[in-house]
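Labels for the chains are A, B, C and D, by order of writing; each one numbers its residues from 1.
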Amino acid sequence: MELGVIGLGRMGQIVANRSLSAGHDVVAFDLSAEATAEAAENGAEPADSLADLCDRLDRSGGDEDAGKRIWLMVPAGDAVDATLADLEPYLDGDDVVVDGGNSHFEASTRRAADTDAAYLDCGTSGGPASAEAGFSLMVGGPAWAYEAMVPVFDAVATGPDGHDRMGESGSGHYVKMVHNGVEYALMQAYGEGFELLADGRYDLDMESVARTWNNGAVIRSWLLELCEEAFREEGSELGDVADHVAGGSTGTWTVEEALEQEVPVPIIYQALAERFDSRNEGRFSRRLANRLRYGFGRHEVARRSDEE
Amino acid sequence: MELGVIGLGRMGQIVANRSLSAGHDVVAFDLSAEATAEAAENGAEPADSLADLCDRLDRSGGDEDAGKRIWLMVPAGDAVDATLADLEPYLDGDDVVVDGGNSHFEASTRRAADTDAAYLDCGTSGGPASAEAGFSLMVGGPAWAYEAMVPVFDAVATGPDGHDRMGESGSGHYVKMVHNGVEYALMQAYGEGFELLADGRYDLDMESVARTWNNGAVIRSWLLELCEEAFREEGSELGDVADHVAGGSTGTWTVEEALEQEVPVPIIYQALAERFDSRNEGRFSRRLANRLRYGFGRHEVARRSDEE
Amino acid sequence: MELGVIGLGRMGQIVANRSLSAGHDVVAFDLSAEATAEAAENGAEPADSLADLCDRLDRSGGDEDAGKRIWLMVPAGDAVDATLADLEPYLDGDDVVVDGGNSHFEASTRRAADTDAAYLDCGTSGGPASAEAGFSLMVGGPAWAYEAMVPVFDAVATGPDGHDRMGESGSGHYVKMVHNGVEYALMQAYGEGFELLADGRYDLDMESVARTWNNGAVIRSWLLELCEEAFREEGSELGDVADHVAGGSTGTWTVEEALEQEVPVPIIYQALAERFDSRNEGRFSRRLANRLRYGFGRHEVARRSDEE
Amino acid sequence: MELGVIGLGRMGQIVANRSLSAGHDVVAFDLSAEATAEAAENGAEPADSLADLCDRLDRSGGDEDAGKRIWLMVPAGDAVDATLADLEPYLDGDDVVVDGGNSHFEASTRRAADTDAAYLDCGTSGGPASAEAGFSLMVGGPAWAYEAMVPVFDAVATGPDGHDRMGESGSGHYVKMVHNGVEYALMQAYGEGFELLADGRYDLDMESVARTWNNGAVIRSWLLELCEEAFREEGSELGDVADHVAGGSTGTWTVEEALEQEVPVPIIYQALAERFDSRNEGRFSRRLANRLRYGFGRHEVARRSDEE
């Protein structure tokens, strides 16, 4: 089938390439002419505007009724709304638009209601590292639109088992949001284990630990394979990797939704809080505790000036 | 090579069977004659006492100097000490004894010092479910003894990558202890995610969620495959599975060691605390908070008698 | 001075009574004629509508320029907006309106911008139990309006030290929101301590423990006095007080704001999560962990049907 | 009555002084002659050895049968055992020895069993800051010995309500251990609240916040008074107070005992973990998470070398 891909960053290029490799036709557009050219080199038909992309999709359709199939891979947030606004004149109810980014599920529900096309919110997991193996796709929206996209989903995902329709509009990004909350927690859980090993009683080769665990242990996983890779490349002490974890929006959404649903998620919360903590210059809370120990116990107050 | 296996519960039988399948000779003994008979049916040479087992291993050795190779798969704790005490008359410095159970690393260090044989503490992960795929083996103890056991480790583990020598005596069980702490945390992290989905905004097929995640998502893992299996077998609501998580000793050891090392492990701690919580009949702490809200705010006190 | 009090629930009555006791004149109104009558019995001048209340305040003012002084003590949320809408025709820039309830600080900022009167958001802590001792009042809004209200604040608070202007509009309710987050955490912290004592090695008289702590110990506090009272009235085992903690909105707001500010508040979060947990019928997360232990270890699954 | 005080550090001097002020006779000894001299200046009778102290106590007793009354205020641990060993020849069953330090309850139980004298383990809370107001004393051990010491306890505590017998040997230090666990949690709970205020939306005078809360708010407490003092002396930003919280042994014991009793104490644990965290140079766990985000998402890795 024929697919329009809008947004050709790292992830958009992978969507285009995996679709092409599976024999689909791809019309590609990005605000950056360079990115569009890169897709063209890989076999996509370049478009020089959204109008042009829609026009090319319309013309090529042997089957008049089929409608356009468009995959958005633009940054979550305003860029999605701006793209949809620009696309609006060219869309009707036969068309399908997929948002493959990390949008908030409520934004997706709103967009689904506001768009003439059938709108699929598609949580996409695996990251650039999964360019060859394929992604996991969690899809929400109309069943017919999901079915219409299956050939492309088969190509972009690891295969037929790597995608499914979760439910109504928003459910794809909802499940992806929770996926990311769990992801934060898993990373921090492995991190705590390796921290204890690093500070513990034995002088260990962390790559060997991770490899041994990855072969047969209960906690084996892809993230643990990435730990193994990290230790192989950075060493058992992680070299000069800093204690600074960026990101956090999907984890924040997960905790907010858990508050709304009154579901306790202490482990996911803690993993998110560790990120905030890693970006702080000294916790005020602990500075106060330090001072309070003087207050009642006359324990010496550690001062920043002592640290030099 | 020839291996004595002592302790023929579920895990011990797997050790014997995997060794036999790889072409090794196995002499097997269990306090239960039935368990010994089961091993014999699978091809092991049955022994009717520890003395008999040692005698058979000694006689069969074509190579006089090689020493005996014995794998203990008895319950962690007193049973290990009792078995070692009974074996003591038959052991010397050429022999190798492997403890494949979940012993505390300090017990293993003590036993290594007290035993005439070379002593290997071997953390074994994978559980009965890994009978066919093989285990992950984390081994501590003398390098020569580890090397001497490699043919058997290759057979019992998933293969050569599924085992390694972590370091000195105790390090195998130390790494396994931390593995289990991480395991508790991972289970609870997945649990929080699925709980939010179960109580959240969409009516989801949990098996589909888990399967989609297992194919390409960042959080894919063996534990997530077991989640998928659980939902397939129990349904999206987990049927009548109770909120009661048993076990906890290795997780407790992990937290104790983290306290000793002053390493923060809030996520592992929380996962362990959830187990304790699941076994409680009403948290006293929350009962007090309930009552305190009356104390200052004259909020109505929920009473157990209201619940009927 | 003369004060209009609107909303004569438990807290509104206390505001009226403490003002009267300090020699102020109070005009009182509540949608419930009974509540208004109760205030009248205590010495307030009853009004039979908001219009009547404003009219009485306008007429009585010897000093024409002073403007009306009105204290709202209605439930946070729509009731505040509805009351303000009804008051609007009678308010101008000389008037001061105090919202003494638990409004969200953003609602207060909005209301301050939308109201012709000077608007003070006043976090009120102490609860009905503080009727005699007086409240703590955290006030946000225009400095002149705060100054104008000082005589009443002196009366309603414990005294001049029991109230202060925190800053601009919203800051009073902001500080109160955080106060409540801390309050949840303190209650749960004491709760954990008493739970350990209750389940621990000694058979203790909890009232004696709390009393001994309240006299000279570092952790002495008003909440601990309320613990002492609770144990005195309910017994060391807390009788039939249920594991069910109601409420949670201000704690939820605190965590949401901490997410927004990227400030880690793991202890406040945990205290809030305990409330959610106390209202759950079995944690899905732990039910899954229970099942997973079967998945890898073939450990027996505890079933709800086993519990009978 | 007559009291021997052994150990004249800050806390021991207060015990001596408060006893003297209440009209008791004090015989004082410390390994430091200076400390003994200081006590003598305050009215105590100086002893120049443990033997001398016991001899003076024996001679002065008008009532032969009463036995000696000795208060140990030496550092918890070996110093207590060493002192008891030196005292042993002079002690019999009519004597009472009080350990007022922060000993582990199991050490106290052991010492009570090993000492000929009646042994009281006495948790002492309030710290040097409570020299004038008096301490809270949680006492374990034989009832008759507790009764015999009441006149001194009345003097050293805030008064009769400031001390009580918790139960059998060990219970005094047990209750004090839990007290300290709660103390950590309370400090960190206040700390989280003030951290949110410090990083939040308003520019606040923290001393004013603390003072307003201390007058009438639900969370008022002695620790909050110490917060108020800290902000008064250090400023709203806490000046150069470092993010480094020392100590942790009694908190660690609390968590260890909670593990033993299988009681969840997530808030106390978290408060303890914050202390460990404050003493760490970069969390390994978060460094790994940072690197893993590159692993799957090709997110840039923050490096220590970037930080300069």
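The rule is simple: a residue touches a chain if its C-beta (ideal position, glycine included) is under 8 Å from a C-beta of that chain, and two chains touch if they have at least 3 such contacts.
If you want to know which protein each chain is, UniProt gives these names: A, B, C, D = 6-phosphogluconate dehydrogenase, NAD(+)-dependent, decarboxylating.
A quick note: this is a predicted structure, and the numbers were derived from the prediction, not measured.
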{"item": "Homomeric contact chain A-chain D: same or different residue positions, threshold half", "value": "same"}
{"item": "Pair with more cross-chain C-beta pairs in contact, given B-D and B-C", "value": "B-C"}
{"item": "Rotation angle superposing chain C onto its copy chain D by C-alpha atoms, nearest 5 degrees", "value": "180"}
{"item": "Chain C-chain D separation of Cα centroids, rounded to whole Å", "value": "33"}
{"item": "Separation of chain B from chain C, taking each centre as the mean of its C-alpha atoms, in whole Å", "value": "49"}
{"item": "Chain B and chain D, separation of their C-alpha mean positions in angstrom", "value": "40"}
{"item": "Multi-partner residues of chain D (at least 2 other chains)", "value": "126-127, 130, 188, 190, 192, 195, 199, 218, 222-223, 262-266, 270, 274, 277, 283, 296"}
{"item": "Interfacial residue positions of chain D with respect to chain B in the complex", "value": "218, 248, 252, 255-256, 259, 262-266, 269-270, 272-274, 276-277, 279-280, 283, 296"}
{"item": "Sites on chain D touched by chain C in the complex", "value": "105, 125-127, 130, 133-138, 140, 157-159, 161-164, 166-168, 170-171, 174-175, 178-179, 181-183, 185-186, 188-190, 192-193, 195-197, 199-205, 208-209, 211-224, 254, 257-258, 261-268, 270-271"}
{"item": "Contacting residues of chain C [partner chain B, same complex]", "value": "10, 126-130, 184, 187-188, 190-192, 194-195, 198-199, 222-223, 226-227, 229-230, 234, 238, 240-247, 266, 274-275, 277-278, 282-293, 295-307"}
